[in-house]
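Letters A, B and C name the chains as they come in the text, with residue numbers starting at 1 for each one.
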Amino acid sequence: MTRYLLGRAAQSVLAVFGVMAIVFVVMRLSGDPTLLLVPEGATREQVDALRAQLGFDRPIPVQFADYLWTLCRLDLGESVVQRLPVWRIVAERIPYTGWLASTALAISVGIGIPVGVATAVWRGTLVERALMPLVLVGQSMPTFWSGILLIMLFGVGLGWLPTSGADEWRSVVMPAIALGGLSMATFARITRTSVMEELGKDYVRAIRAKGVARPVVVLRHVLRNGAIPIVTIAALEIANLLAGAVIVETVFAWPGMGQLAVQSIQARDFMVVQAIVLLVSIAYVLLNFVADILYGAIDPRIRLRGGPR
Amino acid sequence: MRFLRSALAAPGAAAVAPFAVLLLLFALVALLAPWIAPLDPARQSLLARLRPPGTTMGAATFWLGTDELGRDLLSRILHGARASLAVALLSVAVSGTLGTLLGVVAGYRRGWVEVAIMRAVDVMLSIPAILLAIITVAVLGPGFLNLVLVLGFTRWPRYTRVAYAQTLGQAGLPYVTAARLAGARAPRLLLRHVLPNIAAPLVVVATLEFGLMILFEAGLSFLGLGIQPPMASWGSIMSTGRNYVGTAWWIATFPGICLFLLVLSVNICGDHLRDRFDPRAALR
Amino acid sequence: MHRNGIFAGALAVALATAGVAFAQQKDVLSVDLPGQPATLDPHIQWDTDSYHVYRNIFDNLVTRDASGKIVPQVASAWTYRSPTEIEFTIRSDIRFHDGTPLTPEDVVFSVRRITDPAFRSPQLSQFDSIREARVVGPDKVLLVTARPYPVLLAQLVKLSIVPKAHVERVGPEKFNLEPMGSGPYRFASWQRGVRVTLEANDAYWRGKPSIRGVTFQNVADEATRIANLKSGRADVTRAISPDQAQALKSEARLKLLPAATERIGYLFVNAQWGPTADVRVRRAIAHALDRKLIVDALYGGFGTPVDVVLTPANFGYATGIPSYPFDPAKARALIKEAGAEGAEIPFTTSPAYDQRLVQALQQMLQEVGLKVAIRMTDHPTFLKRRQGNPDEAGSISTGLWSCGCQDADGVINPLFRTGSAWAKYSNPRFDALIDAARATIDEKERLAHYADALRILHEDVPGVGMFQYHAIYAARRELQWQPTAGESFHVFDMKWQN
């Protein structure tokens, strides 16, 4: 097992390095921020001078080596647009993304799992027929559309919730609902499948034959046994939430990392983009790692063969 | 064929049928758009901007109203079906083919080929899809073809994972050993024997990816990176219509409804297929 | 009284109290900006949203009044000692927010700071004509330019004066995070990505500001900015598009504040590559554009059609230059004559430009027989191509140009002079005229040169002037303010009507 873990750790480091290299090269290929920084009337000579000052005229391998060297010194570099250390810029955004993602996760888990259980237990009844459409809607609506509709309805029309920004606790409600919609559907479906599978197993029939009531069966036995796949998916869904946050943060002017990422890519603020990609890919790799371990725990065949890959 | 018949015979097929019909309808509309659209979708009329549904000007009736440049919304939506469906279909085709191929090869060959491919899968899955799409479009530029390429080359790992696991499962089975002993060479073996047996879960993945690709295209168009005007896609129409929700609500609403119905139908049919063929695919 | 951004984030989460929307308190003005300020240090960016914020924290050397005339601010008077030397008299009653007086040393420090190449200021290009700056008296500063530079004063309208002692003591990073100037508002806090808060400086030398505080929020989405205005979260916002402006006209509690700016909406036409290298094709393009329809139908009247690549707000603008009236028949004839029917015209553009205009222009040009292909890329790529070789720049593209100097020198020089990155055109006579206009400080001479230069541009058509851009602000009805052509945002000039 230890050898497997070490091997996966080494592979994860390689994966992150691969991601960094790809993003680095791809971004450099698309130009540099100098033209965006200067006033329109700057001459070619002035632009070239600033470019040289900022170091963007060096060959890409040289820039990459320089970047790796700054990383080794645990320095994330300086933003060329904001002229501040990148760690400071990114660190300010992390609480907001965390707040949004965790609220969205709470909503999607808090609604998704009960819905999934209900549609599995009361399969074929009115309950399922009423709830499944809700799940499907969550899966089928583009987040930016649901976002704007929510703003129009609850923000402008009814005035219950703030139309944008992140000032108060109420600000997170609409973005979290918009973001959590797709995840909620996924959780509901996974839970439903998992519970349905458990309910069909022999031990359930045995317990029911002993006379234990249905709700007890569901809560104490089925959920406990069926939890592993749900937790596995949860790890991956967190990753998806981080990704989906990009659009939601733009629509709701939410000052998180997704919004920072889009703005930095558009401004070619390389250092910030690279730092965000580094953080997110580390998070992804860790979450994938966790999911794989849990997955291996479900299916012994995979574990015995030395891992899912 | 076998596949289709078992899909149709499954319980619950009756409930799914209307959505399957809806899907076929969308496909038909997309194919026949140039012939059934009442007006030229690219024809602007600066004096007929932002008119509500049902407006008639001169000889033309704008059944669903006009957009911010005076173009007929109905015609644009009909043509938009082509773009949205084409992007989704082509990107699924590209990523599905590439992903399946790599997964099957990795599962069959094992060794360093397997390690290399699955590590590549790791790397690809470590980058948030939307960030990768934005960065790639920054280099390649937006547009239909580049969008298909971007989506096609970022989604293949999903197929690879499934194809790999499935191939691993199949490789140990007697029929494979028998075929090999009979002298079948690897490509023939994989194509004619293994592939049909692992097709079902892959089709399930493809169906769900199809719905996701439609949403992705809409999302990328929202960020200005998708289909470019004057070509229309539902996502790009909604992207501009978003600014007019308070005033010219029809621009974003009608394509939104179509988009929603299309993705809904795809998801329902995909669910049905999944329930029928591979209930445990939900766990991956 | 500043809050570190990181703690402010946690604070925002912890504070569950706020239920009162900021806008209810009339004391504090709530402003929604489309982008966040890149920096608040006035010297290290060139960015409208940063300018909107920091201009209230700092005073500039000179400024413009409501009519656009350059008037004193930090400098109370100036005289030309020679065509290359200006002597400024600095006011003695200005204090920075920490109480220290603003002296000529601070002015010289600010000039040197921004012109130092090692400082890497993106604004360097606007001030690099200044060869030397020195204190020449207890209240006098002398600026020396390498050559006579008539636009210097216009550029100095953008130079903010920073406190030398303070900047040297705290260093550039801290000064960027917590700027300190001498302006009507002092910096209070900055939650990056969210909001900047300023408080009134009651010791301000021009008087006590009537609005007691300002917050600037970053709201990228126009629909959300409008929703904020309607719900009362914001009191004033900018960058309203014409279509939304039409809808806002009917809102009882809000009003529109349009301002004709120095921004020129023009169409660049490539004179060195492709079908547009033929001057007849370029003239045909000029005839094919219906400026009045564009302004009336696309911009809802928020715009002024112009015939030259300059606005009336720019020094050097001239009426009476011949123009190309809207005449599609003539355009078709010219294209036929040039043998360019069906010629492919790449139209390069980026999301930074109004795509409705791009598509409307495409249709107008297709109607006279040209085949226009829109090539959309993102903005950095667009800039690279547009400023690259003639064959990369496409045949046409739109532009909304402003030099921030309200002078022709900042517009037609970079756009059309031989050797400029933006120019895909070369005419030595034109070059000579604008070089002469730059070499003298005599205004009458300059106007004459520019009139001749505009005539040459009319003949050669390397660009077609379309309209003067009107910036549209929206605010609560009770806010009294008139935005200016220079697109500045002086909260000091605003007040609440009773």
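Points worth noting:
Here, contacts are C-beta pairs under 8 Å (C-beta built on N, C-alpha and C of every residue); 3 or more make two chains touch, one makes a residue touch a chain.
Everything quoted here is computed from the prediction, not taken from an experiment.
The interface with the greater count of contacting C-beta pairs, when A-C is set against B-C, is A-C. Chain centres here are means of the Cα atoms, and by that rule the chain farthest away from chain A is C. The mean-CA centres of chain A and chain B are about 21 angstrom from one another, to the nearest whole unit. One simple way to say how far apart two chains are is to compare their mean CA positions; for chain A and chain C this gives 38 Å. Separating the CA-averaged centres of chain B and chain C is a span of 43 Å. Residue positions 138, 242, 245-246 of chain B are each in touch with at least two other chains. Of all residues in chain A, those that touch two or more other chains are 30, 148, 152, 156, 250.
The set of chain C residues touching two or more other chains comprises 223, 378, 380-381.
By the touch rule above, chain A contacts chain C in their complex via residues 30-33, 35-44, 46-47, 49-50, 53-54, 81-85, 88-89, 91-93, 95-96, 99, 148, 151-152, 155-156, 159, 162-169, 250-253, 255, 259-260, 263, 266-268. Considering their complex, residues 44, 46-47, 49-50, 68-69, 137-138, 141-143, 224-225, 228-230, 240, 242-247 of chain B touch chain C. The touching residues of chain A, when paired with chain B in their complex, are 11-12, 14-16, 18-19, 22-23, 26-27, 29-30, 136-137, 139-145, 148-149, 152, 156, 189-190, 193-194, 196-197, 229, 232-233, 239, 242-244, 246-247, 250, 261-262, 265, 273, 276-277, 280-281, 284-285, 288, 295, 298, 305, 308-309.
Interface residues of chain C, counted against chain A in their complex, comprise 5-6, 9-10, 12-13, 15-16, 18-19, 21, 35-36, 38-39, 41, 44-46, 117-118, 120, 122-126, 128, 172-173, 176-177, 191-195, 217-221, 223-224, 227-228, 230-231, 233, 378-381, 383-384, 387, 401-404, 410, 413-414, 419-422. Those residues of chain C lying in contact with chain B across their complex are 222-223, 226, 241, 243-244, 246-247, 293-294, 297-298, 351, 355-356, 358-360, 362-363, 374-378, 380-381.
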